[in-house]
Amino acid sequence: MNITAFIGSSRADSNSEQLADYVLEDIRHQKIDLKKIAIEPINDLRHDDNGFQLVDDDYDQIIHAFLTSDIVVFATPIYWYSMSGIMKNMIDRLSQAIRDERFPQLKEKLQTTEAIVLAVGGDEPYIKGLPMIQQFQYIFDFLKMPFSSYIIGEGNKPGEIAHDEQALMQASILNKQLKARIYPI
Amino acid sequence: MNITAFIGSSRADSNSEQLADYVLEDIRHQKIDLKKIAIEPINDLRHDDNGFQLVDDDYDQIIHAFLTSDIVVFATPIYWYSMSGIMKNMIDRLSQAIRDERFPQLKEKLQTTEAIVLAVGGDEPYIKGLPMIQQFQYIFDFLKMPFSSYIIGEGNKPGEIAHDEQALMQASILNKQLKARIYPI
Amino acid sequence: MNITAFIGSSRADSNSEQLADYVLEDIRHQKIDLKKIAIEPINDLRHDDNGFQLVDDDYDQIIHAFLTSDIVVFATPIYWYSMSGIMKNMIDRLSQAIRDERFPQLKEKLQTTEAIVLAVGGDEPYIKGLPMIQQFQYIFDFLKMPFSSYIIGEGNKPGEIAHDEQALMQASILNKQLKARIYPI
Amino acid sequence: MNITAFIGSSRADSNSEQLADYVLEDIRHQKIDLKKIAIEPINDLRHDDNGFQLVDDDYDQIIHAFLTSDIVVFATPIYWYSMSGIMKNMIDRLSQAIRDERFPQLKEKLQTTEAIVLAVGGDEPYIKGLPMIQQFQYIFDFLKMPFSSYIIGEGNKPGEIAHDEQALMQASILNKQLKARIYPI
């Protein structure tokens, strides 16, 4: 089973990345750190006569990850009550990707790609992070991707996620469930 | 009264920009087209020993607009059920801006800066755009900015907003209300 | 075209009823004032061996209205950020109604029964009423009822809805649209 | 420490009650089973010349519980994506209770009464139960009650909550946290 974790944080020592590490502990996976690759904002040419133009950045890595993963993890800080701008730009570009003639199989592939959301915020994330969860649901509904679970954690300063007992426990359960699927007895 | 409209669209012939034009018809205002200026994603150094570093891009234009406007309009397409990535990057950078020693007055100034949200989407925006409205509410609550009104419109292809009778009517009422405040009899 | 307005208010001089009156002005319709009829809370016997038992109250009026209406209007005050308890009890009983052997056609009938929601609240209804709108969407999705539109109005004391210019204008547009469908030229 | 659990279910063998039992295991508390007491819907006389009239039902039990509890637990099934009608009627009547001259201390007392929400639903409760959580937040904000935590569980048929590993684990953690506060070492 192939797993990719998209890391949406804009800093080192990210709580959301740490939460992803808990969930994926001892599970083989690749990690794509969005702040370290170049992703241009979408230039929305859907309705232009010539359609979308090839963009010279690293987005093909994202598409490749979607095409080769059974599970994708969206690990994002809750910045201003929604996913980080760099993760949002990655999502926005899906509008182009699912129309990209180089990847005709992407749209169908996504329908069997399981999505997990891990989000950490500092300002009442259990409440104020809920609209973001609803948006991920709408996104996955649109793409027909199965949205299997999410975990919201609380943390602000680096490392604080380690004090959120509920989130750690949920991460531990999810970790066990994933392992049971990957390495069945 | 100074008004700035932030345009979050990623294309020419934007429905959300058009909605802003209806709301601000015959009202003096400046427009900042986010796709035409350079705004870097936030590099979150809040917890770094040296704090945030000066970024070499056009964000000072945004700060200047906040500092000099009585009303700011956030006009955004509903991309993937939330604001566009370029507008999100602009919002994310507020975390740095409100800590920027060059602008010590920003935080207090925002508390009297009225916010208006105009959003246009193509996939049931009246329902699926609601989490985004809640997020704007949280953002403005955090900044203590008065959130005076929002309009959600429906449109996908260029110009379609012109067929959303409800949105046009709301824009027309808001336009009249703004004029009555700016040019009282 | 048959139209039923369910009035969920718990007082005379209801703002939500008044909003329904604006929307349905000069349009033939029946009104069911929920506070004037007896509706028991659901006794959830779905999983009981004997199933649901006949309830001796006025709920059959509700079922009859659903069975004979092309459009149903849910007019409710926003009490404590959601529909009134008496309207909620009416909704809850749908779990029994759609399993009631006396009305085998109800479930299918609902799939062509258009729903409109009119809601009036006093505490930032344009924001704090949004979760309720999302819930109505989930309800109508479950029942496969088309959810054609909603209007949120602001008002607290009797008659205050008359000062909500945006809501009145939306009501007026909806009234015109309904008339155009009912009395086409 | 006094704890009251309000049980909002409309059936025996309630999953939401069972979840409350897990959370409160080995902790002294009283339980008020809303379906077994009489609570009239609110008759909204706020704006009537004579104000609210005394209602002849069991609501004083609810008020008494609020007045004497340090923690109140709202355990509700997710019926049609929000709290049950009988719990909603209980909430609606707070509008009268906080104005009831017999209980002048209620409003202030609530500001130190901690609220916990336990909700169990059968149709994607982790997503579709979120608007209800937001509404509880608005309710507690209005009353200035601290909203300390919530647990959403999945279950439909009697007893199914016992299979929701995440919810059980969250209940277990909350149980431990409560015990640590009640019986400190």
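In order of appearance the chains are A, B, C and D, and numbering begins at 1 in each one.
The criterion applied here is as follows: a residue touches a chain if its C-beta (ideal position, glycine included) is under 8 Å from a C-beta of that chain, and two chains touch if they have at least 3 such contacts.
This structure is a prediction, so every number in the text was calculated from the model and none was measured.
Think of each touching pair as a link: the shortest run of links from chain A to chain C has 2 of them. Comparing the residue numbers each copy contributes, chain A and chain D share more than half of them at their mutual interface.
Taking the mean Cα position of each chain as its centre, C sits at the greatest distance from chain A. Annotation: C-D is the more contact-rich of the chain pairs C-D and B-C, by number of C-beta pairs in contact. Centroids built from CA atoms put chain D at 38 Å from chain B. Averaging Cα coordinates per chain places chain B and chain C 34 Å apart. Our note on geometry: chain C versus chain D, Cα centroid distance of 26 Å, whole angstroms. In chain B, 130, 134 are the positions where the chain touches two or more neighbouring chains simultaneously.
In terms of which chains touch, the assembly is arranged as a closed ring, every chain touching its two neighbours and no others.
Of all possible chain pairings, those that touch are A-B, A-D, B-C, C-D.
By the touch criterion given at the top, residues 9-11, 13, 35, 41-48, 77, 79-86, 88-92, 94-95, 123, 128, 130-132, 134-135, 138-139, 142, 157-158 of chain B touch chain A in their complex.
Residue ranges on chain B touching chain C, taken from their complex, read 126-127, 130, 133-134, 137, 147, 149-150, 165-166, 169-170, 173, 177.
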